[in-house]
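Starting off with a structure, shown below.
By written order: A, B, C and D. Residues from 1 in each chain.
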């Protein structure tokens, strides 16, 4: 049986394991002060073309979102996000645990709209009672979104422009960043993305690493006590080398993008398989997550052969499902899927 | 140059890396629901002789302390700990971030005293204003302590008994648990320790793993929503397999204790080297951390050859230093130390 | 100029001021342990027909909501409320500050619907990812709602029944409780309301007091450390007598309901005045808040004579406005309104 | 029976009650935007000789401490205070509830020492592990202290100077400010105190008001969202007029200092009574709290006639007691005390 349930079903890219083994007995200081982290940071700074960027390595996505958001917000400020944003739904209230409200905006295939963001802010400040409400303090978007969609350069520029107008930092959750940038639909690259936001992270967990997310402040303006802040959030890894080695490997010889491109190619095949069978999609996703709408019969046919995730049940009895590819998706898995669907 | 600065200067035990490589492309579900975690839990339950224990795998120490403590305390309760307890000093206020005060007790070579604990509690409730103060809600001790010392069975029984009398859960921070249990000075084993507390964790990060701490509720009475609570704390690893594989390996063929014994043996050699040179110790530690008191001259002699940590400066100008051994300490390092000190 | 902007524009009912003056130099202990608080509690227990109720006096509404909600929820639990609930909108994130998410339900003229609540809960637990989400921990409703509407007995019974089924405490925010109970549209009294929820509060600030809200646990099952919890929330008044005297007065000779009835009578007159002038209402409110829809011209006519609140601007250019009456509304104010509107 | 147990056993100064009655039916906006608050602020600005000061009225002491401290600290910062500081002991963990650690310094009759503060800070930054610890973010002192003692001008200048050197805001808890300033031992006045700190509050609850504390940022540099922050802390009183009227009255015709002087005069009489009887004191307090050391026999003699507070039991069996006077202390009470003691 092959699984397309998510993009974290395997371990790590083999080059990462190899590098972990090679460096295993080298003695290095803890807490991210090792030479691997330094090397990885240098490579990331080069990849984003920002020599002064502040970079920190954290372990997982929810942790990273919460640490960044709580690090940038003042007490009574909240973070604006799409209703479907990961922080609004699937992080068990981590943002609220740190004291901040997630202020939700309408979503369009997982994306927020610059004009609606602006209208929200105008409406907020037009309401005389606004000092009694949570103050907007930053904007969160994910690239790609939870629905696999991506913002165009123009859309990002518009959002960025509204953020600047209202002095709101723009934060891009890049848990699946590679899969967004590697999409043929993407019209931006890493340096461009870095130039359009105030902080973002490069997801490792879902893109080839065992764990790890690289937080980047492109302008080198991380909050003063951000190291201590990470520690306070329980997000400082003692053996920071584990993260340093992984990101150093991912940013050597363009590995991060190469393996992302593999996932996108595999997703294209998945898409074609369903299309050829006349199966419709819930969303037209250009990245590694595909959302075919299946009938009970079609789902039964897959049972025991192909695993996938049920996303939601439609009123007509069919199911929105999710098939995720990744750096690790094999040709065998694709062929098995083709066999079963056809 | 060899480093004795801490017990997390290397990667992981080679068997762990080997196992990570072997299992790398096996597809498994995320968030700790993989078969490796299940297997590791079964082995730990056996090792502690508690078939019904609830077990959770988290990533790092501060995170684990905060998640457990916040998970067991009610809002206005605090945690009692030695003044030198890790949670009281070196966790950047993670406990306070989660809303709870660390109530400090006097320390004796890093340990709290059952009689003093009892006296504190009696004094607390004797003060008529106690409802205006943070309520004691649990007791935290570390085994071994931050000073490398360990509690005897009798001491643990006394503390446990006071806790029971006052209905306070007893939590044992086992970040270096293996090094405590493997000490010749220890008069308890793992099942005994499990029987004397309400929750503890088995430290992986400092005892052979890349990362990971195994949280154990020996009586199977973890809080109802503890999984969600872990997620909320940003402490739920997506690729839980990374933790499962590591603990499964550490609890196969008694590896956890075997490598701990190595560290203790190496620490014995370190001790002998300093003793032979007539160098005194700040504390008589029976575990993997040794605290020789060095003069500036002695420290200079080590420069460039042996790295270690400066713990504190004494009024007479000498320095308390820390030399930590671990599962990874080599004979070469010991010999180099011997050469320099003699 | 007369103001209908809100129901807290004046000081306190004269009997309260009189009683404050009479008792002023009597020496009493602080923190709610005075004889006035005791007397007030006894009278409230009698009024709700619950001899064992636990009662606490707090100062203001947001504070009371936050203290109750944080007192009843576990860490990763949230509170279910209408999208328009005061805690969801106008409390500056106080609930989130205490670590909890407000989970919002659709509102119908400010009210939630039992069937929708049930559907939400069914949907929540049907989603396999629910352990990754904030857990529902209690239900919040306001009586009357922020739109002046009230739940019928049948509606409350239905909501209460769903709450019981899912073991969710039901909390009724009674900031304007008197104005709800005194409405001719109400088909419940105070003992009935107390029997349908787990905790509620009797609003004083908006119903005749200078400040003060009486929190009631009808079943006498307040959380064990609730006193300390109140203190921790900064909600424990040193001179508790100020609250005790006020509630003792309000619950002597049925004053609380009598002055509430006055407000409702005045609201009826306000309603008639607008109706007679052919002015429509945004909501058909049976309590002390009325929401006529005015044109710019109509608003101009009121300028300088009658103050009111603008609630929202409609797409057609008209304005939803709010006219609130209270225990303090005078016949002169009503006559002036009549004069201007006709 | 007369009570000296604390300084909040009575209601309010009669002029306050009178003013509340006179203004009762005047309609005013809520949330501190009423004309009484404006007038009170103007008078306080004049009294402290700071025309640009930002002033906010809160309800009680713990609430005020927590709102100010949480408002000025960043996430991972803590507040330095004497071990005996109110925030460190008697506020039920309100500071920790808001996420911040109280970092304690030695106390000398309730006071911290500038040299020790400096030494603490030097030691903190000299420790290489300091980024793993809670960062010092502000300094809290109380004037008078919890032991009734007061800082001299020179002491305050020294503390202020260390704070400036380390860019730490200095916050003075003035819950009993009047009783400190009115003491013959005080060598500072209100404008001087305002000039030596960054934020302080003028205690009303214990000095003639029913409730209320006036928070002052003498330099007019309150945090941008402080109003919303107060609301989030549940500390914004709906009928702000209650606070405005009280402080307006207290700062009319120097009432605040006059009634404080009365308390100090009464405390002098209490002191003399005990001294004449040869009864020693635990602390030589120059303010309204006196701490005679009584034997069991002496305490028995007072029973049923004079109430007081037991502070702590001494090893020799005697008791440190507290006798507090206030604006409300009567000559009859003093005479009764004299009668019983002699």
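The rule is simple: contacts are C-beta pairs under 8 Å (C-beta built on N, C-alpha and C of every residue); 3 or more make two chains touch, one makes a residue touch a chain.
Since we're looking at a predicted model, the values are computed, not measured.
The chains that touch subunit A as well as subunit D are B, C. Each chain gets a centre from the mean of its Cα atoms; the one farthest from the centre of subunit A is D.
Rounded to whole angstrom units, the spacing between the C-alpha centres of subunit A and subunit C is 42. Distance between chain centres (mean CA atoms), subunit B to subunit C: 50 Å. Centre to centre, using the average C-alpha position, subunit C and subunit D are separated by 33 Å. In subunit D, the residues that touch at least two other chains are 75-76, 91-93, 97, 99, 131-134, 228-229, 231-232. Of all residues in subunit A, only 2-3, 5-6, 8-12, 14, 17, 20-21, 23-30, 59-64, 66-67, 91-94, 97-98, 205-206, 210-211, 228-229, 231-239, 241-242, 307, 328 touch subunit B in the complex they form.
Partner subunit B is touched in their complex by these residues of subunit D: 75-76, 78, 89-93, 96-97, 99-102, 128-129, 131-134, 310. Listing the residues of subunit A that touch subunit D in their complex gives 31, 70-71, 74-77, 99, 131-135, 223-225, 227-229, 231-232.
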